[in-house]
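As structure tokens, here come the structures.
Two complexes, one shared chain (chain A), two partners (chain B, chain C).
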Partner chain A sequence: MRRSALTGWLLLTPSLLLLGGLVVFPILYNVWLSLFNKHAFLPVQQFVGLGHYRYFSTDPEFWASFRHGVVYAGATMVLQIGVGVPAALLLNEAFRGRNLLRGIVLFPYMIPTIVAVILWKWLLNDSYGLVNHLLTTARLSDHAIPWLGPDYIMTSLIVTSVWQFFPFVVVTYLARLQTIPPELYEAATVDGASAWRRFVHVTLPQTASVLFVIVLLRSIWMFTKFDTVWLLAGEGGVSKYVRTLPVYAYARSFTYLQAGMGAALAVIMFVMLLVATAIYFQAFRGEETFA
Partner chain B sequence: MARKFGVSRRHFLIGAGAATAVGLGAAPAAIGQQTRELHVWHTEVEPQTVKTIQDTSIAEFEKKFPGFKVRQQALGWGDLNTKLLASLAAGNPPDLTHLNPFMTASLYTKQLLRPMDELIRALGESDIHEATLKLQYFEGKYYGVTHAMGATYFAERRDLREKKGIKPPETYDDMLKLCAALTEGGRYAFQMPGEKLYMGFVHPAEWLAGNGGSWVDPKTWRPNLNSKPMLEALDYAQKLNKFQPQGWAGQKYLDTLAALANGKIAMAHLSGARTIGYIERYAPEGTRDPEHFMPLLRPHGPGGKVGISALDGENWAVFTQSKYPNEAFEFLRLFYKKEHYMAYCHTVPIHLTPIFKSMINDPAYLANERIKKWRPWHDVMVNGLKQNRFLPIGFSRPDDNLLPFLAELDGSGIVADMVVEVMVGGKNPKVEADRAQKRAEELLGQLGAKRWS
Partner chain C sequence: MRARRSAALYGLGTVLLLLGAFPLFWMLSTSLKPSGEIFATPPRLVPLHPTLENFWRLFADTRFTLFFENSVAVAGATVLLTLSVSALGAYSLTRYTFRGRDTVAGLILLTYMFAPIMIIIPFYILVKQFGLVNTRLALVLSYTTFCLPFCLWLLRAFFQSIPLELEEAALVDGAHRGKAVWYVVLPLALPGLIAAAIFTFILAWNDFLFALVLISSEELKTLPVGVNDLFNATIVDWGLIMAAGVMITLPTVVFFAAVQRYLVQGWTAGGVKG
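What follows is the complex of A and B.
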């Protein structure tokens, strides 16, 4: 017994070493780094303890970035589900061209983020963009709307992100829909349930577990989303209006050249997500288990 | 199941073993012939420039040093800075690179640069234009040499201004009057680029320089973001804003050139001689000449005597960590060899104005077709140099080359946030300037650059 346990540990050792080196060590190193005033590219550092954390607790930029992150993650998550779930329900029905449509729906998720952002920046440009052209041609607006200006940049960012990421919801939800036994719908229909009641009493309970995971994953991913935000507005004068925590952490590390502060922001985000996830699990534990 | 066309495991292993043996046998010879690589990074991304460097300086260098291969990489500003930071962090920077002058002091103070006095003397110290000679001069030694000079300025529709009977503006007030006159019929007077680097660093530096201000107090390094010159400049910028398209802050430098070419604006706020190529490709037929498009130097504010424009001119630098520093200096000697250097400058005429005073007026240099056609643009450059109308990018005064934190100030976006709030948000300049001042003081404190009490 003892010998087999030893063999087991020996077999596990490579995996544990890999995990430790690739996952645990970077996290611990990041925590350690956050305790120093460390230049981004020079071996110049000074121990400051929890100084960076104290600084961020009263830093208006930090709180503005946090607010932007919450608005961005919340709005995009709700809209992705609002668009993705009906689309999945539609694609679960039998109709001609369904397979083609399933492929088309996946398209935004398949293209690289840089392409998606350039495409949307072109569409929304207020000098030559198609969106303004259509709006003015249809007389819905008498002037070009500055979609990429301060007043609309968050809206544009949310629209771009929802367009790019809602297919994930479609695919995941559709996969679960396809495993619901048809007998449940047949029984509900025999009992005289309308389409809406079938959705509420059959589909929703059956898909609650997958919705639980979608909300969790999409919230985390959108809260930590960097590339879309940075590419759309990161280097521009309007970045202030959509600066989320990952962008602020990047800026502290690589444009302010304060690696220690960037590390502290990463740790703060990590803790925030841990706490939010724990609360989420606690609040929805019941719903998660009944499916 | 019968195997029809497969390879047996035994045959596969024999084949693989034989291939490995052959490979290993050949390896010593290959190692013996290994060429050393000189890594050269620069910011001139035009294909014709890259090709010219390859065909002239690199070709001659590789002939002279047979064991070496030069690897040039052309990168945009932003990419270069990011890549440089990563390479320095890894302790493996290129042997030779372009640097923005506002980054040089920061790297010099960290003892990352090698002096190059011998090279400067060999090139002809007295022949190098004063506008660039001492930008990388610290404690009696040279730590860089500018590759070429290109002024930035407004590119205006000269014909539209002249139709209004208005002279080139000298002051902020003149510029506001010109903008009011040119904004009509759905056309805006001008457009500023929305990139943070320009609207949040390059232009505010020009505003300060042209209004008797500076980024920081020269002695204490305390930021001057809420000083009178900056407040006056912000007030000017806020008034200017109504003469440009609403969404400018979300658009880029090239968008402004497109807007100039298609007649949506009468002036592009940021332009250089590179714009000529754009005008020749995209402006309407019959307008692609200096009669219609001309540079316009910056106006000055109430506290300044002359408007200041940014001079685009990165310097070559050799790092202390460079693997082949001597060869890097040898490469530079070949780069500045007259025939190589003139060919290089001719790849983007006027934008790459030579640093050598003797060459700027050299008939061979001026014989270039584009310089001949666009001679008034060259003259603006030469006159601007004579009248001290240019400062390096991001400098508010000549001595800013000694500030080791300009790169961090630019990167922080503190100034950009202030400008966008004042111009686009219409906020009170004093309130925003005070906020920016507080943030800048905090930043300099964090960087260990606080000299005031």
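What follows is the complex of A and C.
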């Protein structure tokens, strides 16, 4: 028995070493780092205590990044669910070609972010893009819209991100839909419930807990998304209209080489997510369905 | 009623098909157009004179093949390392009982919640202190760490579903433990191993942030960073960029088509981050 426990730990050691050394330790080191003025390359460091945190509390760039992040995460989360849930409901119905469609719908989520970004940059190109061509041909707009200019860059970023990430909602929601016992629908049909009423009274309560998880995960992951935002808007020019906290943390650390400040931003993001998650759980705790 | 219902289903299905696949189709179509056609108004859905010229230029005029090889090497090594480490760990979590086992499993899942951007700064400084900046090893280690929690949980679920009796029967027949695992457990967990391998490959293949921060040498760049560099030219060469996009997407699509049924199974078992 004791030998068996030892073997158990031994087999787990490589995993624990990797996670401990490359995730847990860096996170603790990051908290420590946030108390210093630290150059990203040079070994210079100087203790500043909570100085970085005080600086950010009145830093307009920080608050602008925070607002962008809330708008971006909120809008993309709502729209991903708005597209993903109906798509999952459709893919739960029986029709020919359903399995093929289930596979194809996953593509946007599987391809590299760089591909999603280059193809939307091309679709949204102001002079030669297909989107502007279709809009002007359909007379929905009398001029070419500068989708990647200051006024529209946030819209374009949201569109690109929703397209890229809605398949996550489809698959997760569909997996739960498939486990709803058919008897529940049969009983509702016998009672003469319409499709809409069946959705409200059977599907929604059954899927409430998975929706709870989807909202939580998508919000967290969109709030901490770096690559889509950075690749679409770059570092100069229009980037200031969509800069979110992850991009700001990257810029502080690797453009201005202020690693201590970047580390403080990472800590702030972590605390924000922790608080938001706690509030979220608190708000829905009382309701039986969100177990 | 029935006809109307199925017409509605196919109508909505077509909308969903266009939403998911049309942007990718448009990328493919653009990559096959000669430069004159790319900027033609009105744009043509299918190239009038399809050509592979953009692809030839991609291979001849840019360092695309080098980046491609780098990506293959890094993603391949990541898959091997992640699968070995997580298979050992998952076997331990399902076949041995020891104090704190379930706590450890829970804590491992917790590390999955950290976004790359939240640890990239200390990670970079540590990697630099160990002299690993600008090495493939740094990339492989970071991707392995990020895939590990997911793969451990996925394989744990698969190992749990394999009856202990099968293994014990092999042991009674005189096989030692390693042999029993190799010939009994791993083949039965194959769908899980394949799903874990594909997810790991895709994560390593797609990553941008770690590759951007940890690699500065042109010789070691992977595809996402290399392709993004194509934008830094004064005139954006759309044909070339779309050809690059097609080439990066190809391995993903091929893998995906080959093992789709395993993937959906794995996805439901573990939930996948992105």
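Simple rule for what comes next: the second predicted complex is superposed on the first by the 264 of 291 C-alpha atoms of A that agree within 3 Å, B and C clash if a C-alpha of one lies under 4 Å from a C-alpha of the other, contacts with A are read in each partner's own complex, and residues count from 1 in each chain.
Following the convention adopted for this analysis, contacts are C-beta pairs under 8 Å (C-beta built on N, C-alpha and C of every residue); 3 or more make two chains touch, one makes a residue touch a chain.
Please read these numbers as outputs of a predicted model, since none were measured by experiment.
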Touching partner for A:44 - first (chain B), second (chain C), both, neither: first
Chain B or chain C, by number of chain A residues touched: C
Contacts of A:54 with chain B and chain C, given as first, second, both or neither: neither
Touched partner set for A:147, first chain B, second chain C, both or neither: first
Chain B versus chain C as contact partner of A:128, first or second or both or neither: both
Chain B versus chain C as contact partner of A:67, first or second or both or neither: neither
Which superposed partner A:254 touches (first chain B, second chain C, both, neither): both
Contacts of A:197 with chain B and chain C, given as first, second, both or neither: neither
Chain B and chain C contact sites that coincide on chain A, given as residue numbers: 40-41, 125, 128, 254
Chain C-facing residues of chain A, complex: 4-5, 7-12, 14-16, 18-19, 22-27, 29-30, 33, 38, 40-41, 83, 87, 90-91, 93, 95, 97-98, 101-115, 118-120, 122-123, 125, 128, 130, 133, 137, 163, 165, 167-168, 171-172, 175, 217, 220-221, 224-227, 230-231, 246, 249-250, 253-254, 259, 262-263, 266, 269-270
Chain B-facing residues of chain A, complex: 37, 40-42, 44, 61, 125-128, 144-150, 153, 233, 235-240, 251, 254-258, 261
Residue ranges of chain B touching chain A (in the complex, touch as defined): 78, 82, 85-86, 88-89, 110, 112, 194-197, 199-200, 245-252, 255, 258-259, 264, 407-408, 410-413, 416-417, 419-421, 424-425, 439, 443, 446-447
Footprint of chain A on chain C - complex, ascending: 6, 9-10, 12-13, 16-17, 19-21, 23-24, 26-27, 30, 38-39, 41-43, 84-86, 88-89, 91-93, 95-99, 101, 104, 108, 111, 113-126, 128, 141-142, 144-145, 148-149, 152, 202, 205-206, 208-209, 213, 223-224, 227-228, 231, 238, 241-242, 244-245, 248-249, 252-253, 256-257, 260, 263-264, 267-268, 271-274
